[in-house]
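Heads up, the thing below is written out as structure tokens.
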Amino acid sequence: MNKQFKSRSDILRQHIHIMFYGVNTSVGKLFDVILLILTVCSLAVIMLETVESVSMMFHRELLIAEWFFTVIFTVEYILRIYSLNKPLKYIFSFYGIVDLLAILPMYLSFFIIGSNVLSAIRSFRLFRLFRVLRLFSFIEESTRLRIALISSRPKIIVFLYTVVVISFTVGTVMYFVEGPESGFTSIPVSIYWTVITLTTVGYGDIVPHTGVGQFFATMLMITGYGIIAVPTGIVSAEIVKQKRTAGHRWQYKDKTVCHFCHSSGHSDNAVYCFKCGKKLEDSTN
Amino acid sequence: MNKQFKSRSDILRQHIHIMFYGVNTSVGKLFDVILLILTVCSLAVIMLETVESVSMMFHRELLIAEWFFTVIFTVEYILRIYSLNKPLKYIFSFYGIVDLLAILPMYLSFFIIGSNVLSAIRSFRLFRLFRVLRLFSFIEESTRLRIALISSRPKIIVFLYTVVVISFTVGTVMYFVEGPESGFTSIPVSIYWTVITLTTVGYGDIVPHTGVGQFFATMLMITGYGIIAVPTGIVSAEIVKQKRTAGHRWQYKDKTVCHFCHSSGHSDNAVYCFKCGKKLEDSTN
Amino acid sequence: MNKQFKSRSDILRQHIHIMFYGVNTSVGKLFDVILLILTVCSLAVIMLETVESVSMMFHRELLIAEWFFTVIFTVEYILRIYSLNKPLKYIFSFYGIVDLLAILPMYLSFFIIGSNVLSAIRSFRLFRLFRVLRLFSFIEESTRLRIALISSRPKIIVFLYTVVVISFTVGTVMYFVEGPESGFTSIPVSIYWTVITLTTVGYGDIVPHTGVGQFFATMLMITGYGIIAVPTGIVSAEIVKQKRTAGHRWQYKDKTVCHFCHSSGHSDNAVYCFKCGKKLEDSTN
Amino acid sequence: MNKQFKSRSDILRQHIHIMFYGVNTSVGKLFDVILLILTVCSLAVIMLETVESVSMMFHRELLIAEWFFTVIFTVEYILRIYSLNKPLKYIFSFYGIVDLLAILPMYLSFFIIGSNVLSAIRSFRLFRLFRVLRLFSFIEESTRLRIALISSRPKIIVFLYTVVVISFTVGTVMYFVEGPESGFTSIPVSIYWTVITLTTVGYGDIVPHTGVGQFFATMLMITGYGIIAVPTGIVSAEIVKQKRTAGHRWQYKDKTVCHFCHSSGHSDNAVYCFKCGKKLEDSTN
């Protein structure tokens, strides 16, 4: 096919492509927002269906709404595949599979009873929400946070490692201290209790009843209290560092260097070099 | 009306205005404190009324007290409107509506039985408490905290966004893992449980009973434990940055000021004024 | 009485004084440790007395032990008063009252049955534990932490203020949303629930049952999650600042200033001025 | 024995030694990973044994697996002793005792019924997991975290001290406020409750029922909320400081080194070497 002579179908494909993937175009943005609203609405429908009192009263309306969303998402899915040059890459990507799973259950419900329950997989479409961030100015902040988390990853892995080892060790000890009659029915359950305690969640569904168990629990809580400081410290330090670096970059970015004594570090509104007193020339000119 | 010849009523209005809005005058301060005490007392009355044992014994006294506060707040409301040049702006402002709602229920109780229950709206008058901060030297700190929170707003929004997406996704998954028999009666309830777990509140009214559910819960708790680090890190970094900036400002406070152009903010080792290029003289000599 | 001729009693008083208040003398330190151990032991006795199974078996032994500690603390109390020049100041001080209350109940138990229960007031003697910190090198750290907390006091007050206002407002709203049948029996109880939720403690003794209540609770938890960042940020920033100041003070404390170009900021091991190349003279000589 | 002529047994010993302790050799690394996987698998077996439904069905298989791991760990234990020059040091070390305790229970199960329950001591072998960190690049991060925690140790001790004193004092007070009928059966139990509340775990197995108790609990929670800020602040500040130091080191890494005395660490605007006074030449030219 010649590049100069694009067929109608090609132009259409291009338009659809812009709609779905043109984040920086107004059409693409509008489309993103519409798809987001549709996703949220379709999720609301699925959620309401699980609330017994609502699903009793509006069974019919909810079913119609669900079919409505399924049809729309089916059209979206087909158009996405159509508009892409490498549709297979999309089909087997995370979003591709999620998009398929979001529409499949409704069609399967013709053949298998109860399969429409699976339409809750649609909730994974929520990850698309992260795309919406791009629409606003939050993307930069989002990136910064991600960088902060990524650069503290080794520290966080060491930390999680410690948490896991503590959980397994204390969990095993508590199983033998407390025993099944206190609710510590097995070592995995005991580990589950340890994590509940260490993270200060504290459901209270399993609690130690013996004095020794309560003493160990007390120790574990104070440890957890101290340990919570570590990830916070890690992330705080990372963001502080980022801020400092960003601050410096900003401060010196377009900064004039004295042409006579070559000293730098002049403040923003400096007109004369603070070292030799010569007039500064704006390097941005 | 001539500005030179103020009528008696005008002078009265001015006096009332100073009473209510003159934060920096001693009269205004005194008035703020009195209104604060009255608000707190009236709230205490409403609270005690809801405690059955107390309301049984002191029903009469509490009713008298409530009428007393209602009359006072009515007078305050009328005087505020009277003293302002643009009363409508106040009437439809947040505080204006709260002030009206704080007195209305008692008058309505003549016509509608049970409406005095609504007088609890008075608790919104508590927001006036923030005004009291101005009386003391806390207002600066309050402003700093607000600035720190506002400048970390984009980061906090991204963070909350992530929390919401996690809550919805995990909530939906847990509904299908645990099901109604474990207390996960619907997806909204399941999301409610997810938030309880993620924020480490952990009421324990709904807890996972299956092994898979407990495993997911464990993962979620450790995630929540890690996630709690993020907002803390954001706010910490912001306050550290503020402090540093404030520290620098303080550092330069008593630094040499140029004798010619009176510009300040010269860096430590500056020899010449960066604004006019004249030699700086050390003010400490 | 002549200062030159100290009576025997005076010398004795001085010795006792050193014993009790000479923190920096070896006798004083030894005494502090002994008193600490006695306080901890006496508390252990009181605690064991409240554990039914133990108090049943060792009733006699515990009573003897308690009388033993009471006699020792009585002697301590009398000697303290005797050794001081201004005994009244001690008697009406916090520790004076605590020391008296720690011994009184046992003597009162001759006249009033059950009064020895009050001997638990002895637990306030634990505050003496803070004195032990002086014995070790922790006192400096303790002071630093206190300074960090004191200098962030205005920020913390503003923060607590906000927490109180939120607790009262949300507490009142939740009382009307949930009502007594969900356990929100009165506004004070509802405020108690709000604090439990906001601080992420989450006992689960009172939980919302209505959908609206659960929605508000969810909002409150996420708010609490965000709010927890603020005090942490405040204290972190304060300690970071302290560390930096301490670091600078240490770095520049005895630092040489060049006698020729008067430039400062030389590093620790600098021998020549980095600006003019002249030899630095040690200012500490 | 002559050093030149190593017997076969010596070479074997050396090979085994490398296997077990040669962290930097590929054989040692492989061995570490294999032992880690075996430890994890053996723990999984012990855990599954405590889950009733699983142990019922696979009793035979689990017993075989446990004997398999016991034999392997026995061989490992013997080889370790054999390969070391000072076997006694290992035998009485923490890991030596854990390794012995991990295999002993199974052999004892021939003589004592139920002793194989003790094989859960094997969970302490999990501490070996920390060794695995060495295999990857996490060891540096791990060291940094440990340094951060060690240098904040005095602060953390003071903090824990305060937590303990608060727990004991408030615990004792709450015992008398609430009494046994609310679940505060003894002072130790009351202290257990205080720690649960202060650390924001909040099981809800013991909750205050009186108004006064709930008020104290509310105060305690807000205190705990504020106190949680302190360890976080301490660790954050420590990591920020570490980062800054590390950052500076990095900053000066490629800075001018004096061509005469080879000293480094010159500040940014240095013109002369601070050690020898010779003029610095810009290495970037």
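Note that the chains are named A, B, C and D in the order they appear, and that numbering of residues resets to 1 at the start of each chain.
Throughout what follows, a residue touches a chain if its C-beta (ideal position, glycine included) is under 8 Å from a C-beta of that chain, and two chains touch if they have at least 3 such contacts.
Every value quoted in this text rests on a predicted model; they were computed, and no experiment measured them.
> What is the set of chains touching both chain A and chain B?
Common neighbours, chain A/chain B: C, D.
> Name whichever of B-C, B-D or A-C reuses the A-B interface, so over half of the contact pairs are the same residue numbers.
B-C
> Answer with same or different: of all residue numbers used at the interface between chain C and chain D, are over half used by both copies?
Looking at both copies, the contact residues mostly diverge.
> Can you work out the whole-Å distance between the CA centroids of chain C and chain D?
Spacing between the chain centres: roughly 29 Å.
> Using CA atom averages as chain centres, what separation in Å is found between chain A and chain C?
Going by mean C-alpha positions, chain A sits 41 Å from chain C.
> For chain D, jot down the residues that touch at least 2 other chains.
Counting only residues that touch two or more other chains, chain D contributes 188, 200-204, 228, 232-234, 236-237, 240, 269.
> Spell out the part of chain D that touches chain C in their complex, as residue ranges.
154-155, 157-159, 161, 165, 168-169, 172-173, 175-176, 185-188, 197, 200-204, 207, 211, 214-215, 217-218, 221-222, 224-226, 228-230, 232-234, 236-237, 240-241, 265-267, 269-279
> For chain D, which residues count as touching chain A in their complex?
Within the complex, chain D touches chain A at residues 43, 46-47, 50-52, 117, 120, 123-124, 126-127, 129-130, 133, 137-138, 140-142, 144-145, 148-149, 156, 160, 163, 188-189, 191-192, 195-196, 198-205, 228, 231-232, 234-240, 242-244, 247, 269.
> Within their complex, state which residues of chain B touch chain D.
My answer: residues 200-204, 232-233, 236, 240.
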